[in-house]
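Both of the next two complexes hold chain A, though its partner changes from chain B to chain C.
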Partner chain A sequence: MATITAPAARKTAPPGILARPAARKLLALAVLAAILTPVAVTQWPGTAWPTALTVDVSAPLGRASDWIIDNRDSHPLFLYFFGHVSNAVVVAVRAVYLALLAVGWAGVTAIGALVAWRVAGVRLATGTAAAFLACGLLGMWVPTMQTLALMVVAVLASVAVGALLGLAAGLSDRMDRVLRPVLDTMQVLPAFAYLLPVVLVFGIGVPAAVLATVVYAAPPMARLTSLGLRGADKEVLEAVESLGTTARQRLLTARIPLARKELLLGVNQTIMMALSMAVIASVIGAGGLGDRVYQALASVDVGAALAAGIPIVLLAVVLDRVTSAAGERLGEAGTSPVTWLYALVVAAAVALAGRLAGFLDWPDGWGLNIAEPVNRAVDWMTAHLYSGVPVVGGTADWAAHFTSGVLNPLRDGLQWLPWWSVLLIVAALAWLIGTWRTALTAVLAMAAIGVLGVWKPSLDTLSQVLAAVAVTLAVGFATGVAAARSDRFERLLRPVLDVFQTMPQFVYLIPVVALFGVGRAPAVAAAVVYALPAVVRITAQGLRQVDPAAMESARSLGATGGQQLRQVQLPLARPALLLAVNQGVVLVLAVVIIGGLVGGGALGYQVVFGLAQGDLATGLVAGAAIVCLGLMLDRVTQPTERRTTRKGA
Partner chain B sequence: MNTTAKDTAAATDTVAERPPVFSVDGLWKVFGPKAARVPADPGLAALGPAELRSRTGCTAAVADVSFDVRQGEVFVVMGLSGSGKSTLVRCLTRLVEPTAGSITIDGEDVRAMDRSRLRALRRHRAAMVFQHFGLLPHRTVLDNVAYGLEVQGMGRAARRERAAAVVAKVGLEGLEQRRPGQLSGGQRQRVGLARALAVDPEVLLFDEPFSALDPLIRRDMQEEVVRLHREEGRTMVFITHDLQEALRLGDRIALMRDGRVVQLGTPEEIVGSPADDYVREFVRDVPREQVLTVRTAMRPAADADEAGTGPAIRPGATVSEAIEAVARAGSAARVMDEGRCLGVVDATDLLSVVAGTADGAAPAGPAAVRRTAGAARLGAAATGERRAPADPRPATTEEPA
Partner chain C sequence: MRPRTTSVLAGAAALALLTGCGAADMTQQASPFANARGARTVTLSVQSWVGAQANVAVAQYLLEHELGYRVDTVQVDEVPAWDALSQGRVDAILEDWGHPEQEQRYVEDKKTITAGGDLGVTGHIGWFVPTYFAKEHPDVTDWKNLDKYADLLRTAESGGKGQLLDGSPSYVTNDRALVKNLNLDYQVVFAGSEAAQITQMQQFAKEKKPFLSYWYTPQWLMEKVPMTEVKLPPYEEGCDADPEKVDCAYPVTPLQKYLNADFAKDGGQAAEFLRNFTWTTEDQNQVSLMIAEKKMRPQEAAEKWVDSHRSVWKKWLP
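Here is the complex of A and B:
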């Protein structure tokens, strides 16, 4: 006889003001603060993070890095594992690079155009050919091929790793529970945070660059693979099972084909993130286009930076459009293999003809030197626009005003706040928007920053992030609302957003350096420009997706346009707006960190400094602080539901 | 020859005497923590759904269900959403693993099957048609239909040939190379039907196959099923929430509520003598004269004169057919079976059926079970082939004036 359990007691809501969950959370927090704060204040007075609570990790880290450097050539772990990985990467990248050079510029252009034609149509084929030719014209053929070779290897590895992880997470619930939070977190961390650990193991060079790229670019593939496998139509799977399929048959004939849209989207995102990272990885020896931009920025040579930046943008736009077009074409009647054969034959013929005609290297005479005119223009701007323009001032003046009027007070204000009050604010915000779990993670991450001993530079970075986020949200919400209300405006905006969303983060530094020189203000400006498209897009989409029936009923009650917006659209679009804030914060942080390259200072600078000086300990500590800051900012702004994809949200 | 063949078969060897294909006994499917204790404990097993949930946190989707599906019959499981009918049909091939009870197919225990036996059952003996079709969007119509054969390991040419024949049988010629996304809902369900038929299963299982379709297309598809059943005589288990559909298609109907079968019987029994108030409420709006047969309405002939004159109708004819015959002849009609006069019906008898005053008199019993298989179907589905001695034209479905 089975025992009968007693009926579960129902929880009843507390009465009065405590009925509001926000009030309950704040009250609980206030009680907690009232107990802990006096203890903290008496024990560790002062506003900065108490030194008694820091742990100096730089010495052990330094020892670890020294040990690795000493043992890189002798320890079995390096000899038999990392050494092989490193060699394999070098050989693979070299092989692809040589193959690209052997095919010649005519051949590469022809192959690119024909592939684009087959998967995406004539227009994109012409675009692809034009983009390759532009790279050559700008005198960037060889760096473009270097970047492309690195990309090919990194993307193949990322897709393989990501697909395998995604397959595991898609098929096993336990794997999914383990992997999902890791992948979620990896996706919000700035690219810079990934550089130092790989450098520690592999040293500066191509293997480190490729592996950093793989680590950065594989998560979207894994997430989307798992999502696709899990999101498959349940009834189709049931129907397939009802026909007596084996588990393997189900996977191969139903689950994977049903997930092919997500798989292709994953490939698309992986390619875009790999490009973004392959460019940033020039800091750790990736070479190619990113390296040209990096070198040029280091000497504030905007012309040269632009000459290398344009091919990056072209590459990004072409790769994104071709892969996403391939995804959209799915489900239409498949192209016959015969046309592929023709395309292959034509491409081979062009490559051979190019080889015979000696068109392997880009001809020297066909260059278009844009660096000098651009630099002349920048010089003119420096002379005429930087300052002293009547009435409006100048761009450098703006930057200076922004720095002294906004960034400095904000930074000083944050650093003036007692450390425990910062933790309290973080806890309150995270708990109000999310759950107690997110609040706990956020507080722990913030505390970890203090423990690592980088409280002050982290608050400096945080002040830049906050300033940039404020500007981004103000401009982004306004533009998003306008785009949601006017179809014409949205049509005008869409291509601009499309291009801006595909550009790698690094590229944004070039124009802001041209306009504002170096410093913290240009870093903030680049972050705003980078994060704006996503915020605008999510806001506009969220407002447009508001239930039309609710809008109609508001209209039928005689609500004015403003009333509809305030009383119906904005409240109903609240999840989308929260998501926009979250994405804005994450994207801004990524670029503010990279801003360390153009004088942004703080954590980003420490990473760059650590790399440049070979002082890995400093860099690693800064990298860990970036991870913590990223975690904290994401958790503080994390709405309960997270959207599944990051780009094109 | 088809209907007549079936009708004569039904006359000599009634459905009730055929061997069962599926035999379900005391079947339970309980969702929730420690589900197995519910059927094991008589105290818990007797609880209603709300009480069971509050006591154990479990939901009994299927509770102590027993029935036989006999060879060649259309067995309809009918109930509102949440009554457990879809879970029940999934238990038959263990797409949902039953909690307790026994299921046999042709005497073989389904619950005792190992994986490969179960796969063989699903591959060859029972095929299912789904509510939302469950087609593979990346395959053409032909490859979708051939999928079941592919799973069995049949070669490409052979399975395509077989699939093409089935595609033609369900009326999809010319659409073989389309993809499901390019088809209408009705066409998609024809593909689903063809996929199930292609493996030539012993039993076809339908899980609310037409609920997602427009009413007119649903009607077409129901006629398609009637036609297929007539031509092939395949055993079918049909799940639906639509009473009209159940009455139109079913040889026997199991009416489910909260996981239990509240009544199991022919359409005539369900409409003519509801087992409880729930069923009565359910069938209240059914036009009784189209479901009940003259058997329920007839009375013994008063004298030899009455037994010798008047139009002859067969005992399986519906009351509405009899009304037409009586109205035409202007006199009482004789119910004739193989030259014997079983009784007579006059206008008063027939009217009392329509009015519902003949309720208590309904002879629900073995006689009603033995009525011919197709006779109680509503509408025009089978009327073309019906033998109506009084009038060769199809019976009208108009209300009597």
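Here is the complex of A and C:
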């Protein structure tokens, strides 16, 4: 599980000090607004973004897309560059896939278990073996191997690219200044936005899927590598330097070994993000488990979708636990090469035995059909909970109320606001929470949306995000507080959160449709469920990290539990709460976009439309707007201290 | 220092060898999962609707059990599937609803795709209301009277107008233009995927609520929720030429198969089998219903159909 490390620093500003700079900022903004607004109003009246300020990019984009399709098999750029990239990916994925098939299911399970045993201990080794066997039992062995093959290649490439970028950023301050904002931004973008550009160049298929995954999964590796190199103990480095070592020796013998914890954390993050992307990339022909989920959803087969979803979750949990356990074990005594040798020999023996015994393909008879009972449960749910439940009303009624009572007013309100006032609000919020720089970025991102000519759908998407974030925060903070106050509750919650954080987003979509019908309400519901675990986690972690001394002194002053929470814990945990808001916003946006598949409309629909109709101009414009929206939302909610990691979204 | 340079050079050379020196045409690269372990593999494109799954399930079953192929299926949307077919990442599309622009580009100009003949099923797109609603209000089946019922068909999503439910953005649709050009008091609401649309329609049907939906035949849902088509202004050749100005019904389309050109030439028995593959609307519906409504696995449904229709598929085998 990708954990989110809340900022450790606990400095807080008493309200008195904060008030003055805030007032100064608002005053400056008011002056600026007083000068610019009259100009804007007289020049471009009306509430929507003025058409005079838009640029139509769809025609040139359409021409570019046509040109690429027509020249893909003849232009040198494709023949000598992209063609080789694409070919290398195909050859690599194929090699891994064939190797996995050649080892057979018995061999793969044994090797997985033994590797887990060596790096993470006996418990995880049994877990790994059980997970692989479960994939087979669910009838998903071949798709699992396809996903695994794709993952292996994508993760290796991501780690290599990420480590190189991180090395550059870690060693050179100038590179760091250039790369940091780019990497920061890449981390907050919804996965969906990455799909279109690669499809434009590579077409549908595995190469595009792998490359999208690499682009998506490399940034955390780069960030953490750079962080690790920069965080190395200065004294140790000085000591090494005084020994007269060269720069290269210092890097190889001191700085990289000192940063290995961060490096492993980076690998862990990269794996998690690659897995979630590999599933989403089924939309562009990645094949494997994600494709099975996608196919099952086409016939409203929640059971079959779950049968493919469970292996994804199992893979995720196993990979996460094993890599993070490997990271924790680093400090202990090094594992001796002899046991590794034993492990290797045993694995080879099992693989060979499996081969001789014919245990290559998963046996046909060994299957568990979970699809039927799951579908029966879903049918029961729709039949009994959908509407007409006495007193509380059915879920469809709730959805209708939510749409007409919350989403519609919110959307109409946002679209009613004059465009310049939206920019002003964005500026004010971003400046209050962050610096003038974040405020400027946020305003420019919002303006870019207008210039692209997708102002209205973007505000529609924004209204969904706001509604979903509000619900997420209300529920998330309440649960987080409860988890922070009760150890037992947190222990109960932990596995639930783990599973929810790794489920592919696709699987959420159909049950919410079954419960809430089609429209924006189910998209919002899916987003809430998806973002909730991260918010709960960060809140609970932040509250628990509050200085025990402060709590002790509050208790000794006779504060009640509620008073402690309100007056000590919550104010002291303010950075963590802000981080929770930021994470919530970013994760909600990612799923609201995918909600385009269940009637969420707006930008998500345009991306889906672009992919589905091969109309890349529409899709790319919407994708760019999503990028801007993500940037704006992130900057507006950006806490003072930057997080180092995040969950794969 | 020296050994490292050598190894870098060796690596580069190995990579060059591996990927082949000189030009690499990415439009000629097959799926990495194809032809694993020497098996003869066919990759079929499955579109998201169940009828297409039925075609593929039966073709896959026969290819695997009668001709000894290994079949991979990939779900791709309609238009991107043409691109994938042209690149050889899939070998065949078994059910195409008419994409003149792609046909011109890939079949006529680039010659990377060849026509594979009729599927035997005739498709038709239209606007449908549930039959229970049409019985109650017989005049709803003419588009001229639709405005009368806009109030009844209003939902939270349609913003004061009647709701015309549309499905996946990947499907062929003129509905936005139709609503505008016919001056109807309706709002097109896209469910976003066919799965979402079907779920929604079944919910309406369960409560006997009225709805108006973009739908098509053959479709298995017709058997579960009987629907009646709303008459739109009749289709005439060329009336849908300009997507912005369409004001007529959808045409009747004989569904087509398409094969990758290289596969058609070198695909041997598989290619011939796929060219021969034709069946009727009833046949397809039988399999679709088993998959979507009885929740059978596509392969089981195909097996059941194959067992009882030997005379139909015997003719397809090369």
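We take it that the second predicted complex is superposed on the first by the 611 of 649 C-alpha atoms of A that agree within 3 Å, B and C clash if a C-alpha of one lies under 4 Å from a C-alpha of the other, contacts with A are read in each partner's own complex, and residues count from 1 in each chain.
Keep this in mind: a residue touches a chain if its C-beta (ideal position, glycine included) is under 8 Å from a C-beta of that chain, and two chains touch if they have at least 3 such contacts.
Predicted, not measured: the structure shown is a model, and the values here were computed from it.
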Just to be sure I read the superposition right, which of the two partners does A:257 touch: chain B = first, chain C = second, or both, or neither? first
Is A:464 contacted by the first partner chain B, the second partner chain C, both or neither? neither
Who does A:270 touch here: chain B (first), chain C (second), both, or neither? neither
Is A:294 touching the first partner chain B, the second partner chain C, both, or neither of them? second
May I ask you to decide whether A:242 touches chain B, chain C, both, or neither, giving the answer as first, second, both or neither? first
Comparing chain B against chain C, which has contacts with more of the residues in chain A? C
Quick check on the superposed pair: does A:233 touch chain B, chain C, both, or neither? Answer first, second, both or neither. first
Return first, second, both or neither, reflecting whether A:395 touches chain B, chain C, both chains, or no partner chain. neither
Could you tell me which stretches of chain A are touched by chain B in one complex and by chain C in the other? none
Hey, which residues of chain B end up touching chain A in the complex? 34, 37, 40-41, 43-44, 54-57, 90, 93, 95, 118-124, 127-128, 130-138, 147-148, 150-152, 179, 181, 192, 195, 199, 205
Per the touch rule, the chain A residues reaching chain B in their complex are 1-2, 4-5, 7-8, 233, 235-236, 238-246, 249, 253-254, 257-258, 260, 330-331, 333
Using the touch definition from the top, list the residues of chain C that touch chain A in their complex. 15, 18-20, 22-33, 36-37, 46, 48-50, 53, 72-84, 87, 89, 105, 110, 155-157, 159, 165, 168-170, 189-200, 203, 206-207, 291-292, 295, 297
Mind listing the chain A positions that touch chain C in their complex? 69-70, 72-73, 76, 78-80, 82-84, 86-91, 93-94, 97-98, 101-102, 146, 149, 199, 202-207, 282, 284-285, 287, 291, 294-295, 297-301, 303-304, 371-372, 375, 382-383, 386-387, 396, 399-400, 403-404, 408, 509-510, 513-514, 517-521, 595-601, 604-605, 608-609, 611-615
